[in-house]
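Dumping the structure here so I can ask a few things about it.
Note that the chains take the letters A, B, C and D in the order they are written out, and that residue 1 is the start of every chain.
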Amino acid sequence: MVIVMAPGATQDDIESVVLLVASAGGEAFVSRGVSRTIIGLIGDVEQFAALNLRGLPGVADVVRVSTPYKLVSRDNHPERSTVTVRGVPIGPDTVTLIAGPCAVETPMQTLEAAEMAKTAGATLLRGGAFKPRTSPYAFQGLGEKGLRILADVREQTGLPIVTEVVDAHDVALVASYADMLQVGTRNAQNFALLQAVGAAGKPVMLKRGMTATIEEWLMAAEYIAQRGNLDIVLCERGIRTYETATRNTLDISAVPVVQRMSHLPVIVDPSHSGGRRDLVLPLTRSAIAVGADGVIIDVHPHPEEALCDGPQALVDGDLDELAMIMQEFPKLMSRTLATTPPGA
Amino acid sequence: MVIVMAPGATQDDIESVVLLVASAGGEAFVSRGVSRTIIGLIGDVEQFAALNLRGLPGVADVVRVSTPYKLVSRDNHPERSTVTVRGVPIGPDTVTLIAGPCAVETPMQTLEAAEMAKTAGATLLRGGAFKPRTSPYAFQGLGEKGLRILADVREQTGLPIVTEVVDAHDVALVASYADMLQVGTRNAQNFALLQAVGAAGKPVMLKRGMTATIEEWLMAAEYIAQRGNLDIVLCERGIRTYETATRNTLDISAVPVVQRMSHLPVIVDPSHSGGRRDLVLPLTRSAIAVGADGVIIDVHPHPEEALCDGPQALVDGDLDELAMIMQEFPKLMSRTLATTPPGA
Amino acid sequence: MVIVMAPGATQDDIESVVLLVASAGGEAFVSRGVSRTIIGLIGDVEQFAALNLRGLPGVADVVRVSTPYKLVSRDNHPERSTVTVRGVPIGPDTVTLIAGPCAVETPMQTLEAAEMAKTAGATLLRGGAFKPRTSPYAFQGLGEKGLRILADVREQTGLPIVTEVVDAHDVALVASYADMLQVGTRNAQNFALLQAVGAAGKPVMLKRGMTATIEEWLMAAEYIAQRGNLDIVLCERGIRTYETATRNTLDISAVPVVQRMSHLPVIVDPSHSGGRRDLVLPLTRSAIAVGADGVIIDVHPHPEEALCDGPQALVDGDLDELAMIMQEFPKLMSRTLATTPPGA
Amino acid sequence: MVIVMAPGATQDDIESVVLLVASAGGEAFVSRGVSRTIIGLIGDVEQFAALNLRGLPGVADVVRVSTPYKLVSRDNHPERSTVTVRGVPIGPDTVTLIAGPCAVETPMQTLEAAEMAKTAGATLLRGGAFKPRTSPYAFQGLGEKGLRILADVREQTGLPIVTEVVDAHDVALVASYADMLQVGTRNAQNFALLQAVGAAGKPVMLKRGMTATIEEWLMAAEYIAQRGNLDIVLCERGIRTYETATRNTLDISAVPVVQRMSHLPVIVDPSHSGGRRDLVLPLTRSAIAVGADGVIIDVHPHPEEALCDGPQALVDGDLDELAMIMQEFPKLMSRTLATTPPGA
């Protein structure tokens, strides 16, 4: 941690900082420049944070030089992790395809979407039973009825289930059906929910907040990890910018950036980032090529009837090309398409 | 609602739209331009929304021309509302000062801060007992112990309490102490929480999401209103932009914009938007001058010891100037400083 | 300047930095933390910049602690400056109203707009003869013919002229008519233009780039100052954000922030920031209250016929309220409304 | 074009719109909804734009439904274009690698960088002789001396030259040396420069403005096209967002989005978007996989000595991997790596 003093800071101001740091068990190194003085701190950063150094007279800025997240950081865990969902790996050796309908609507629609997903190479089924919606007048999901449909479709297709949970108090219920819990973009700072999924004993897919910095995203993961759950997969799904041609701006650079900062796997959602069907396949190729550990894609048998985000779902006619991408692109990255474990 | 067809849309595409709209009980008016056709829809917008018109062949865009929020809209309620918190008004005739510590830390600190607030002209006391924090390693608030401190200080000073609730399942507890419930910026799309405060029978202060559009903010208010609670005060607290010189960018224009769109009162938080003590008074003046119905300000008797956001809290030396602003600026806006009701 | 070394930096990496800094005539202070080492540099920052320290092995980050602009910085010039335009002051003791049409269209329209401006209290006339337009198919201004109209209207009304220049090679021409040269938001990094106006011998109004950081804005001012011209007035005119309810987001906090960083006067453009007539008066009040040294406002006698930005121009019916604001609000800030010098 | 009337618009307001549109030779179709009326316009959009419809009483919004750019639009030119630079194609059948130093510093450095570029598969040489820099104290390029170095290196290596021009009045000079003129991100709305390169008779590479919307970017291209030059290549180079982990946020989705809107080729700059060497190769793979028609990459023989953007330049050790990417990835996209024409 480095304290930058203001140009007019007095000798007393500087000594106050040094004494305060010492009182917290740290050491302070003072360096005087032509117009400013800087003070380097050595010791326990958490304790320094409690000192409110920024509020002291004469202090212009406090620059933090080590990362505030620990459990999810790659600093202390250089090898990249693989998270396993009922035997299906998500990690550095594979590319995992997760696909399914945005929302579970009917048993038939869910089964058809799952079959589409499988055809394209998916080994995990996505599908929402609880939907967070901006408008209170929009379809909010089938709730537990939707979870039962997902469980039936898992039975019929063998695909483990990834599904969203939107309220801390639904975590136990959702976890009793799901193989992986999804935390959505609107809940990226719902700390009660993050802690609850951290304690649920199931792998978690954590979407990036719509306007979260990479650091905030990793801090959200740290909330989950702190409860003892390190089976976390991060999902880049586009950020909010001034550009309105796409629903969000897919931050493709975030994939390699986060993979350097954290040992957790990182996947990409090409459906929700662009919000347009015609962008899904180009962005899928782009995600695999940049080094993503997987992709999560909306498919729908009848998108014109979809109750949620129909315009971005892939349809039957897109599946051959998706399957081709899943066959060819992982190879170029020296990876394999993730498969269901034998006997699953 | 207006459907814009793509340049290559066929006659069949157009007829399909017209038929589908008719099947939902609406009427469609087709206008053919040189390169494009547009179709105007008349009827129930909610039903049209369910048709997934954007997913139809030949449809390029769907433009909504009426507002998706109803209860909080000014269209159907032209007069601006006043919300009353234990007799203290927040509305178009007054400027209300809400002040207090960011976080409740000790009985003494809370009482001292409340006295500071009162000196400056505040008639409502802010103070957080439950704090949502980006880092799991940061101070999270005193919880119910903090609520009891607030209740004691209300007893001693006569100031009604505004305090934050961060989890839907704490709403009953917090509402049993608070006079006004605050929903913070990170929970602006925590729909379970919005619905719970909507049912709690207490006025609500709804902060704008850090990156919420004005429409999303009003939709969040609609979630609360839908549960029967129209005692909602909106609070502009800065949005996330590329500029890093301030913690957030105070969107001062949002105040008059929202006052035209909604009948709800709108206040400003000059402390959290700038994140710097030296900006609090200028932004307070600016907020009153633009027409805000109130301001909410951090004060702290000993900011260098604050456990949360110390650098932005006003101190004793700032109170005279704040009091002067609260005396002089409302007059210029043909308003009065809100006062405690007689006998309260 | 502070060098933050990467966690895995070796002793050799550190020594290389120290030696390189010494070779440039600087001194390096090494402080070792638990997981990282930081190195504080003392000496000539420009020389350090040339060393490309960020590219050295083991270097994680380089943090600059002094400002890169010198001539416009308040560090070396603590007193805030007043810029005088033909005797009309813009500075800390006054509030200056600059008003007029967005674009010069006809002699009559310009004269009528100038009379409107004067009625409201303006002492400087704005009006564009050269207009930068996003579309090549939009009205681009009358050019020199427009400048002659402005000069005639100055003759008739006594109001000095503020007008935009968009090309470095028009600077001499525009300066031969104008009393103050305006550099628009799209040219905030047109360095050839900045240098040309710096050498033109006339005061300059420098609008903030639509997406310029405050630091970039001050760097643009430094380009002008470097050519010997310190008669620069900065103009905040809104920045681009994700919010689309207003054309731009007026960054009202930028006014006090810049006034602390630079000695130059800062004014606000409430017309172009909001892009809506109904916001102009609220934002004008807000700007004066936050401490702006002036405002620049579009007025038009017949906005429905305006060739440029008609929807945001004030009309006759708004002038009384504007005049009232210009009378009452400066007083509250212990300022006076800027007036034309006697005998002008 | 569609006019949305305000809820309180009167019959007179509506008739005024209809009459005004008729007076401009257009037709207006009125559709009355429950709470609002909309009016569809058919006729010449440019004429309607001049009517200032948004300023009329009762008008709430004006929605444009056809594109404001014509020459660069794909609507009227469905086949995607190929631009040829001294025989080297940039277009839909190939992937073109442009590489070289950010800035030309010395003959030796430029030659070495060009040899590096060629080794990796480049057929065009980039290199800046005129550099737009945020700080007036930073290296501004060698000017014409740099252009002569580039011409010599072209002689020695056979690589045609792509180089930036920053001032309209340098266009003739730069065009006398260059094979392709580059317009940089800071000049994306320098309309004098756009028009000058439009008249220069050389292909142009137009970088996206740092905060340009896709529509503004295409409008800038329209400025060039309007002067008769359709040999324009668009270059996505990252946009400004709130995220600071990368210098800019590469908007990878913009590539397929623009390719649908315009017939012009689109390439990607993975060096300047990320601003970090470790991101260049992942983003290069990503760009080719999303469908870009080429990439432009910084290489430098001694990046630690670079006078500009050293930290992002690829070095010798990266070339094998870059060459491998250029060999393998175009195939997967059914393209070939662009080559120098025989006999060139």
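Throughout what follows, contacts are C-beta pairs under 8 Å (C-beta built on N, C-alpha and C of every residue); 3 or more make two chains touch, one makes a residue touch a chain.
Remember, it's a predicted structure, so these values are computed and weren't measured experimentally.
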Pair in B-D, A-D or A-B that repeats A-C, with over half of contact pairs matching by residue number: B-D
Distance-maximising chain from subunit C - centres being C-alpha averages: A
Inter-chain centre distance, subunit B versus subunit D - centres from mean C-alpha coordinates, in Å: 40
Length of the line joining the C-alpha centres of subunit C and subunit D, rounded to whole Å: 27
Separation of mean Cα positions, subunit C and subunit B [Å, integer]: 31
Touching two or more other chains - residue numbers and ranges from subunit D: 211, 240-242, 244
Subunit B partner contacts - residues on subunit A that touch it in the complex: 46, 49-50, 52, 54-56, 68-69, 132-138, 166-169, 186-187, 189-192, 210-211, 216, 219, 222-223, 226, 240, 303-307, 310-311
Residues on subunit D engaged by subunit B in the complex (per definition of touch): 2, 4, 7, 29, 31-36, 38, 40-43, 61, 63, 65-66, 75, 211, 240-242, 244
Footprint of subunit A on subunit D - complex, ascending: 211, 213-215, 239, 241-246, 249-257, 260, 273-274, 278-279, 282-283, 285-291, 328-329, 332
